[in-house]
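Please read through the structure below; I'll follow up with questions.
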C-alpha cells in the first residue's frame, strides 16, 4: 500500500493521490475490521470487498508462492487456474491430518480464513440468541454427519455408548449416528391434539436405566411434529449427568427457537448445538455449524474429523455472512416471521374453502393443512409439476409424521428465511388449484 | 440452439450464419461427448468449455427456475450471486438425505453432474490400471473419513467389528476408523534391511483368530515404510472371507502401484479401494474416490453418508479431469517417473557428499536419505524457511517410521505427480545447503 | 439442448428430467426473446442469464473454433484466457474495415451482438420519448467524437462545411468538430434573468448568410445555461434546409427533454441525435448512441468510423440495458425527478441560511446556488476533500457560464439518474458545512 | 498489509505467519515492480497477479469510495456488478473532456493505469526495435482512426492541409483521413517484377509542389505490395520539412520492419508511428499505439481526442503485455519467423504441384502464390468453408493489388505472430485440396 501511495504522489497531482488513497482505505476498512475483530459485521460488505478479502487470504498459502519448492506428496497443485478459481484459491483445504482446525503450515491463509469464519459465525449465533455459547466450528459436512462426529467425540471423551433419540422421521441424523456405531434408543412420541411431541416420561425412565447414555433433541421439524422441550430435556440431562446434543437444523432463523435453547443452556446441560449453514445463512448446501457452551467441546469435535477437508463450505459461509451482515439478517428474520403468519392465514382460508382445516401445531417455520380423504401422493406430484418446490404431502399413517398411525393426511409448507411473500402467495394459489382440481 | 441458428440466418449472410453454427458445434462437441459417454476424455477441454458445461448443468437445478415457488426449508437460496459463484452454481449440493448419490428432485443438474463425475473418474481409474473395478464414487471427504465410511458400510452389510491395520504412522486413517467405533487391531511391522514392512505372519495369525475381522492395507507411504503386499493380503482375505479395504491414497499416479492392486483384485479379495482426489488428480484438497470390484459395494458406501453434501469436491474433480484428459495424464505420469529417478540420483549424490546414504527402500514417489548424527528438527525448520515445502525430517526412533526404534534419522522428499524437475533440483540444492551448513 | 434432454431421461427419473428441462427453458426464455425480438426488455434479466447470452454470442466467433486454421494477420488471438475474459470473449471487436456495423465474417457472434444492441437501444430510446426516430447505433466513442463523426458524415453526404454552435462552455464537442476540420461558427448567448440562452436572432441571421451550414443544438448542460429551444431551431433548419445535430448528452433520463426533441423532429428538421451511454444508461464511460429519424443517416455515420472497433462499449451497454429493463428504468427516472425536486428544495433552504439564492434557471437535472462574494475555487477544493464528487463551483465571469461577464459566482449540483436521496442530502450538508465554514 | 501481518502473528504460530508474509510479498513483488518502473516486464505475471493489479488500481477510483457523495451528471454509476466486471472496474473510463491522457480527478486509479500502460508499451516498442522513440500513447481507436487523429493534430500544430499517400488498397486509413477533411493525394505505385512498390519519383515531385503537405508511409501490407522505403521517404520529408506518419499496423512483430523504421527516424523526419494493439500484442481488437520521437507530439495527439474514452483497450493491452513479457515476446517473434519460412517453403511446393508459382515479393509476414486461370472468388469461398480464416484470394486486376492491372490472380496467406506451425501446415493442405479440386 505504501508503494501505491508513493507512486500516486509521483504520477498524479497530490490532492488526487490523497483522494485515491482515501477511497482505497475506505474500501479496505471493513476488511481490516473483519481481520481484526472477527465479528459478524453489522453492515454487509460489497461483493468486491469480499472477493478481495478472499483473494488476500488465499494468497498467503504456500501454493501461491512463486518461489516455493514443492517436494511433498500433497502440495495443492491444481490442473488449471479454473480449478483454483472453483476453490476460491484455497487449494490446500482446511485443517491438518487429524485436526480440522489446526493451523496448516502450508496453508497460512486458509488457516486464518477458517479461524475468522469460526469466530464470525460464533459471534453471529451468540448475537442471534445464544449469548451463552462460547466457541463454534464450521464443519464441511451435513448436519447429520456433524451430529455423528459430535457423538463420536463424546464417546471418546466421556464414554458415551448409547443415544436416546425422541423420534423424528428424518434419515440423516440416524445415519450420522449409525456411522459411529453408537447404539440408538428411539424414544416414542405422543399425540396431543394434532401435535406430535416427545414422550418426556419415556425419556426420563430410559435415561435412568441406561449406562453411558446421551440424548439428541430436535428443535426444528415439520408439523405435526413439534420442537422437543429442550429446557426440560437439558434439566434431565443435568440431573443425570448425561450429555445432550441439540439438532437445531434450521432454528437460528427463529428467535423463539433460539430463546428455548438459550434457556436450556442456562437451566440445564447442553453439550453441543448443531445447525445447518445453508438453512440458516443462505449458503450452498454442504456445511454445518457446531457450537458449545464449553470451548473444549469444540476442540474435541474438531479432533474427530479425520484429515484435511474441503475449504468450500467454510469459504461459502464466510462470504455469505459477510454479504448479509447483522442488520440485514434481522430484517430477513422479520420477513420470515411475517411470511410465516401470512402462510398460516392463507392456508387457513384455503382449508376452509376446501373443507379441510389447519393442524393445530406450534411451529416457527412450517404450517400444515389436512388433506383427509385426498390422495396425498397425487397432490405432491401435481405440486412438483406446478413448480412448487419443498411442500410435503403425507398420507395418513405414513412415515413422516413421527408417530405410528397419525390420524390425518396433510400437506406442509414452509415460510423459511429467504423465502418471499410471492412464494407464499403463489404456493397457496397452486395448492388451491391442485386440491380443488382433484 | 435452433433459435440461434434461425436468428443468425435472418441477421447475417447465410454462409456466415452457417460458419457461426459450425464454430458453436465444434465448441460444444466435446461437452456433448462427455454428457453422452461419461468417459475420461482423451484430449483436455478448454477452460471455457468446462465453464460452459458446469453452467449448463447447474442451470437445471430448481433454484435457477425463475418461476419456481419455493416453500421448503431448504431451497438453495443464496445470499448473493457471489456466493453462488463460489459453488459454481451447485447450491443444492449433491445427494439426498440418507443417500449421497441418489438423484435429488430439486437438483437435477447436480445429480447429473455427480453421475458424470463418478462415471468419469471410474473410467479414469480403470484405464489407469484397474480395469477390474466396476463402480466408483467421489466423496466430499478426506481419504481417512472415506475409509471410515467404507468400514461402517462393511459393518452394516457384513457385520465387520474389527479391523487389522498394519502399522502406518498416519493419524488420518486411524481417526477415520475411530469415528466408526470399529476396533482397530494394529498389526506390527518388521525391519528388513532399511525397509519397514507389514508383518505378514502376524496378520495371518491374527486373521485366523479374529471374529468379524476386516483389513486395511496401505499402498503409499513414506520411506522407510514400503507398500503392503496387497496381492498376498488379498489372497489371505479371500481364504478367510475377510473384507479388505486398500488405502491407495496417492497410488493412482504410479503404474506399479496400480498394477499391484490390479493383481490383488484378480488373485484374492478386495472390497474397496480408496484414493485422494487432490494427490492423484491435481484438485484442491477435500475429496476422495472410492472404487470397488462389485457395484453394490459402492451403493452401500453411498448410503453411509448422512445427508446432502457439498458439491465442491465433485465439481472440482470433474473440472480437473476434464482439463487434464487421458493423454496429458499419461505425460504427467511419465514426468513423475522421470522426476522420481532424478530425485533418487541427486539425493544419492548429495548423500555421498555429506557422508550419508540413501535408504534402500522401494517407493514409487518418495525417496529418503539418512541424516544420522544430525538434528532432524533443525533440518526440517531450515528447509521450511528456505521455502521447501513437503519434505519430512524424522529423528531416529521418532513417530513416523512406522516401527519402534528405527535405527536412522532421515529426510524424505517426494517427486509426486505435478511436481517439476525444477522442484526436485532446487530442493536438493537447498537440502545440501542446509545439511552442509549445520 | 436435445442432447441434454436425452441424457437426462436416461440418467434420472422421467419427471425429474422434465422438471430440469422446464427450469432450463425458463432460464433461457428471456435470452431467446432478446435474440428474437431485440427489444428493450420490460423485466431485467439475471446476471447469469446475461453472462450466458454473452457467452453464447461470443462462442460464434471464429477464434473460438477449435478447428479453425488461422492464417490472417488479425485473428483475435489473445495472450491468455484472462485477456479474453476482459473482452467478454469478443476478441474480434465489432465492424469491418471501413464500416463499423457491417457483419464481420470472422466474428459472426460479435456482429449479431452488435445488431442486437443497436436494435435494443433504438427501441429503448423510442419508448423513452422519441418514437419518431427510426434507427440507432452505438459508437465506441465519446459523445464529442460521435458529434464529429456525425458532421463528417453530413459533409460527405450533404456537403456541410460550417457548423453554427450556440455557445456551450464544454471542450469535448468543440474538439470533436475540430477533428473534422469543419469550421465552427460560435453563436452568442444572451442573459435573460438568471438564465443563459441561445440567441435565436443571431442564429437565424447567420443561417441565412452561411453556405453549406449545419447546426449543433444542446439539450443538457449546467445552469445558468438552459437547453436550446430545439423545436424552434429544428423549424429554422427545415426552413433553410440545413442539417441539425442535437447533442442530447444526458437527456434520455428526462421526459421533458425527450418531449422537446420529439416535437422538434415532428415540427422541423433533425438529422441526428447523439447521447452518452454512461450518463443515461449506467454503463462505464466510453460509448455514445447516435439515433436518427431516417435509417440511411445511421448507415452514413457507420461508414465514417475507420476500421474495426472495441466491442467493450457495445457489450457493456447491452449488459446494462438487459440488467435494467424498461420497468426499472421508469422507476429510476421517477427517482431522478424526485431527487431533483429535493435538491432544489434543500439548496433553496441552504441558500437562505447563508444569504445567497437559487439561480432561476430551468434544468431537469442540475440546480445552482449563488456564492457571490465567496471564493469559488476554495469551495470546489473543499467539497472534493469532503468526498463530494461532481459539483461545479464557478467564479463570476469565469469560463463555464457560457456567456461573457455572467454576474454571479455559483455552485452547481446534479441529481442525475442513478443518484440517491442519500447523495443529495449529504451533498447539501457538506455544502452548508463548507460555505458556512469559509 | 501491516494489518495482515499483525493478525497473522496473533492467530498462527510465528514462523507460519512469517512464511505467509513471504508468500504474499513474493506474489506482490512483480506488481510493485510494474508500479515502480512501468517497464515491459521480462517475465510474465500470473493471471492472479494481473487481476490483483487491475483490482488494486480500479479501487482507487472515486466510484469505489463507499462514502463518496456523488452529485455529478457522470459518476461511473453502473447498473450491476456484472457491468462493472465487464469494464474490469474502470467505470470512469480514461481521460478528461478534451485530453485523453490528462489525470481525471474522479478516476485516480484509471489515470494511473493508463500512465502505466502507456509507459510500458513505449518501453516495449523501444526495446523491440525503436530505441529512438521517446513517448507513446494507447488510443482506444482503430489504427485508421489514430492516423486520422494524428493528422488532425499535425494540422492544428503545423498547418498540414494535404497528405500524400502511396497507394495501399485498404479502406481504413483512407476513412481515417477522410474524417479529418484533410485532402488525400494518392501517390501511384509501380510494378517491379512481381512486386508493387511506391513510386518514389512521383512522391518527390509532388512533395515539392504541394503546400502544407504531409506523408503517410506504410510498412505492412499484403503481397504483391511491398513496404514503403521509409528511410528514403523520411529523408525526403526532412529535406522538405514535411511531417511523416508511418502506418506500422502489424510491424512490431518483425525485427526487419522495426529496423527500417529505426533507420528512418535516425536518417530523416518521422513524426508519428502508429500500430495496432491486437495485431502486435495479442489483445482483442480495438486499440492502437501511437509513438513519436518527440514527446510533445504525443501530447498533441492526446489533445485531439474529444472527451473521455473507454478504458477497455488500455486495460486489455496492459493485461496482455504483462501476461506475455519480453522473453516470451522474443520467442513469439522467433516462432513467427520460422512459421513464415515454413509458409514460404510449403506454398512453393504447392505451387509447383499445381503449376503455379510464388510471387517474388519481400514480406515479413505474408506470402502469395499465383492462381492464374483459376476462379479466385471460388477459392476464397471454399477456404472459408474449410474453416481457413484470413487468406485473401484476389482476381487479376481487382482492387487489393494496390495497382491497376496487376497481371496475376493470387492467394495470400500470413504467418503472423501467435499463429502456429499447425495453422500453416493445415492451411496449405486445405489450399492444395481446394485448388486441386477445382
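Each chain gets a letter, A, B, C and D, in the order it is written, and its residues are counted from 1.
Keep in mind that, in the parts below, contacts are C-beta pairs under 8 Å (C-beta built on N, C-alpha and C of every residue); 3 or more make two chains touch, one makes a residue touch a chain.
For clarity, every value in this text was computed on a predicted model and none was experimentally measured.
Peer 1: Compared with chain B, which chain's mean CA position is the farthest off?
Peer 2: The most distant chain relative to chain B turns out to be C.
Peer 1: Can you tell me which pair among C-D, A-B or A-C shares over half of its residue-numbered contact pairs with B-D?
Peer 2: A-C
Peer 1: How far is the middle of chain A from the middle of chain B, if each middle is the mean of its Cα atoms, in Å?
Peer 2: Spacing between the chain centres: roughly 29 Å.
Peer 1: Between chain A and chain C, tell me the centre distance in angstrom, where each centre is the average of that chain's C-alpha atoms.
Peer 2: 47
Peer 1: Just how far, in Å, is the C-alpha centre of chain C from the one of chain B?
Peer 2: It comes to 55 Å between the two C-alpha centres.
Peer 1: Find every residue in chain D that makes contact with two or more other chains and list them.
Peer 2: Residues 15, 19, 22, 47, 62, 65, 67-68, 81, 84, 105, 384, 387.
Peer 1: Report the topology of the inter-chain touch graph, choosing from line, ring, star, complete and other.
Peer 2: Contact map by chain: complete.
Peer 1: Which residues, counting only chain A, touch chain D once they are in their complex?
Peer 2: For this pair, the touching residues of chain A are 1, 3-4, 7-8, 11-13, 15-17, 19-24, 26-27, 32, 35-36, 46-48, 52, 55-56, 59-62, 64-68, 81, 89, 103, 105, 108-109, 111-112, 115.
Peer 1: Provide the residue numbers of chain A that touch chain C in the complex, in ascending order.
Peer 2: That would be residues 15, 19, 22, 81, 381, 384-385, 387 of chain A.
Peer 1: Can you tell me which positions in chain A touch chain B when the two form their complex?
Peer 2: Those in contact with chain B are residues 47, 50-51, 62, 65, 67-84, 86-88, 90-93, 97-98, 105-106, 140-145, 147-149, 152, 155-156, 170-176, 178-182, 220, 249-250, 276, 278-279, 281-287, 303-313, 315-316, 319-320, 323-324, 343, 365-366, 384, 386-391, 413-419, 422-424, 426-427, 430.
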